[in-house]
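The following blocks contain the structures, represented as structure tokens.
Here subunit A shows up in two complexes: once beside subunit B, once beside subunit C.
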Partner chain A sequence: MFCEKAVELIRELHRISDGQLPAFNEDGLRQVLQEMEALYDQNQADVNEAKSEGRAELIPSIKVRHCCLLRDQRCVTAYLYDRLLRIRALRWEYGSVLPANVRFHMCAEELQWFSQYKKSLASFMRSLGGGEGLDITQDMKPPKSLYIEVRCLKDHGEFEIDDGTVILLKKNSQVVLGVAWDILSCVCVMSVSLCPQHFLPRWKCEQLIRQGVLEHVVS
Partner chain B sequence: MSDVLSDAGSDSNHDDSQEDVMTPAELIAKLEEAWLNEKFSPELLENKSEVVECVMEQLTHMEANLQRVKKGDAKASVHRMEIDRIRFVLSSYLRSRLQKIEKFFPHVLEREKSRGEGEPSLLSPEEFAFAKEYLANTETYLKAVALKRMPPNLQTVDMLKAVPEPCLDSFVFLRVKERQENILVEPETDDQREYVVDLEEGSQHLMRYRTIAPLVSSGAVQLI
Partner chain C sequence: MNTQAYLPVQPGVGMEENFFSLDDILLSQERLPVRTECAFPRLGFLEKSSDSQDIAEGTKMELPLWLSKGLYERKRRILSVELPKVYREGWRTVFNADPRVVDLHKMGPYYYGLGSQMLHFDSPENPDIAQTLLQTFIGRFRRTMDSSQNAYNEDTSAVVERLDCLEKVLFRSGQTGLHGFQSWEKGQASQLTASSLVLNYRKRKITDVQP
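Here is the complex of A and B:
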């Protein structure tokens, strides 16, 4: 039956309802486009014949094919648009650099759309408040307390910060972080054995929590 | 909170550029009202870019003041928290708007285009630019990935028809700020008849958004 492949594309997305992005179904899309081409060609032929030879009995099947063409177009557009919405959500979830496994599921045009969306969003944020700029992808949750306890979920490894201190984020270490947002004092030291109070720039803390490196310990 | 903000307010001359001079507390109250209204309204509301700009200026002043406070001073952390709270509300407000712009982009652009001369604008200039880019980006994408490979008579999609409109009949909670009389409530089913209510000041109601939409923009009710 016509349009089955198109509906299958929709079902594929419907099955993955948690917002994850499945691989781009290049094959499925191509099949639908081929069906559309075939239907259109058949209709062209029939329309010509109906006009030149007055065969009015062809008209119902022309109408049916036209409806199928519209349905195919609608299903394909819905599939593509729903994927765009999921990709858009990724910018807000992961930031402007997507993990490789996600990028792998996107086709070239989707990557292009994402890159353009990032740019639009960035220039919008930069222009806020008369050119002052505000990163609205931060501050996603209302600030509840000044100090939060975080646990390191993964070995994030070492990273060096401005004053040369090397920090080691080791799995399962638990520290109390003073989340201070003073940009000047980005001193951060986390160690496995001690549980002292240390300071991380808050944007870094949020990011690390979102990326799954740190976990907010709620006691 | 008020002493940090009033320090900031008296430091600068930014109030000169506004017509109504607001105290910082009033400004933040206005921001919170706009934030709640935007959050609970099904459609995009009028833009409040003056409030946004003033709040951002306030935040800059508060940050500057905080730099001057001795580190480790207990007051500093409380003020820090306040700055963060305000920044959260501001970001949340802008995010709310952006989400609605993206969700209803063809309709939002259409409304802005067909707006009358004297009517207040729905989108700030930055939001307008963003919305246009979003539309262009999406259309280019659809064309490149599929539409151009379709039969000639199906190579365009009417965005106004394809993208759903906001549902103005959704129910919202509201609190009445200014007494309203003779609000006409449309019937929902064929059995009902339209009727008229008076909204007392301070009362709270659950109504269809469409009925009270003009009251939200005039500030007579507050969505909660």
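Here is the complex of A and C:
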């Protein structure tokens, strides 16, 4: 039966229901397009024969191939569209910089789409709040406080807060950065080995939490 | 509750299909018993049982739903479609008697979906089929809803494996709601969490690296 490869593409995506992006199946896509070309050519030939020799009995077969062409087209467009939906989700869940192993799964056109989507989203966000801008990818859960406690899960290197202070995020560091910044500079040196959590401004670390670098500590 | 950023195209409702829905594409892949009402020259390779170059008129074969829908005409000049067993009188009586005991996953994972699509083929039994589909759903819904709202941190596979795809979706959304409510009760609703997408990517990266 025709269109088996096309449906295989769909099954590939349907299997991964959590929204992850599998590798771009360039081979599969090419095979489907080749099948479409072959069907189209056969139909062209049959149509010409039906017209010139009055062979109307060829028409049902022409209809069958036409249905197969439509089916292939549906599967290909649904495949590409569902991948775009997954790529769009990446911007919201991962942020604007994608890790290399994810980018590797995208074809050139999809990368281009992603960067244009980023730009559209950014210019939209800039236009909010009377021209001041508002990051709508933050605060997905209603915030309860300005500052939150976080624990560092992976080594992330240095992290700069607004007043220029740089914090070193090391795995399992539970560092007290006091809310009072003048204490901060003294504590910083002792920080890594010493005591409990970082207290950081919520909006600064939301993205790091979403990426799994920090862990929100709720006491 | 993790807000879902990936929003796939949902399947169509009733007799409609959604063009981009992955579920609808897989649903329309299901095979139906058909009878050809005319010959199909040069397509003999589609029919495994005979070696001829053409498909003869009056051949009984199985075609996928998408092709049957595409070729079907009211006047039945090209194709006539038979009802699959599950939608015929015999099984309909069983469903009408007690819909809750049936393993709908075995009866074709897309019982409701395929049944709704069968209505496109102008069978004289259409009103009965439609009625049975509706009554079956109504009969089973209560139990599905109950179990999805009360099974917290349990192994639900025994319940889920007897559900049709539509019911599975309902069950899952019931479970999502339940977990969301429970985490809110525990005060975890305000806790920022790593995105599940990110965690899954990381898990996959580790398994990719391991030989």
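Methods note: the second predicted complex is superposed on the first by the 180 of 219 C-alpha atoms of A that agree within 3 Å, B and C clash if a C-alpha of one lies under 4 Å from a C-alpha of the other, contacts with A are read in each partner's own complex, and residues count from 1 in each chain.
Methods note: contacts are C-beta pairs under 8 Å (C-beta built on N, C-alpha and C of every residue); 3 or more make two chains touch, one makes a residue touch a chain.
Keep in mind the model is a prediction, meaning the values are calculated, not measured.
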item	value
First (subunit B), second (subunit C), both or neither touched by A:P99	second
First, second, both or neither for A:T77, with subunit B first and subunit C second	both
Which of subunit B and subunit C A:H216 touches, first, second, both or neither	second
First, second, both or neither for A:G130, with subunit B first and subunit C second	first
Contacts of A:L90 with subunit B and subunit C, given as first, second, both or neither	second
Partner chain in contact with A:M1 - subunit B first, subunit C second, else both or neither	second
Common ground on subunit A, meaning residues reached by subunit C in one complex and by subunit B in the other	70, 77, 81, 88, 140-143
Subunit A - residues contacting subunit B, complex	29, 33, 36-37, 40, 69-70, 73, 76-77, 80-81, 84, 88, 107, 109-110, 112-113, 116-117, 120-121, 123-124, 127-130, 132, 134-136, 138-143, 146, 180-182, 202
Subunit A-touching residues of subunit B, taken from the complex the two chains share	52-53, 55-57, 60, 77, 80-81, 83-85, 87-88, 90-92, 94-95, 98, 102, 126-127, 129-130, 133-134, 137-138, 140-142, 144-146, 149-151, 153-154, 157, 162
Of all residues in subunit A, those that touch subunit C in their complex	1, 7, 10-11, 13-14, 18-20, 46, 57-58, 60-61, 63-64, 66-68, 70-71, 74-75, 77-78, 81-82, 85-86, 88-90, 92-94, 99, 101-102, 140-144, 148, 206, 209-212, 215-216, 218
List of subunit C residues in touch with subunit A within their complex	3-9, 19-23, 25-26, 29, 38-43, 46, 64, 66-67, 70-71, 78, 187-202, 204-205, 208
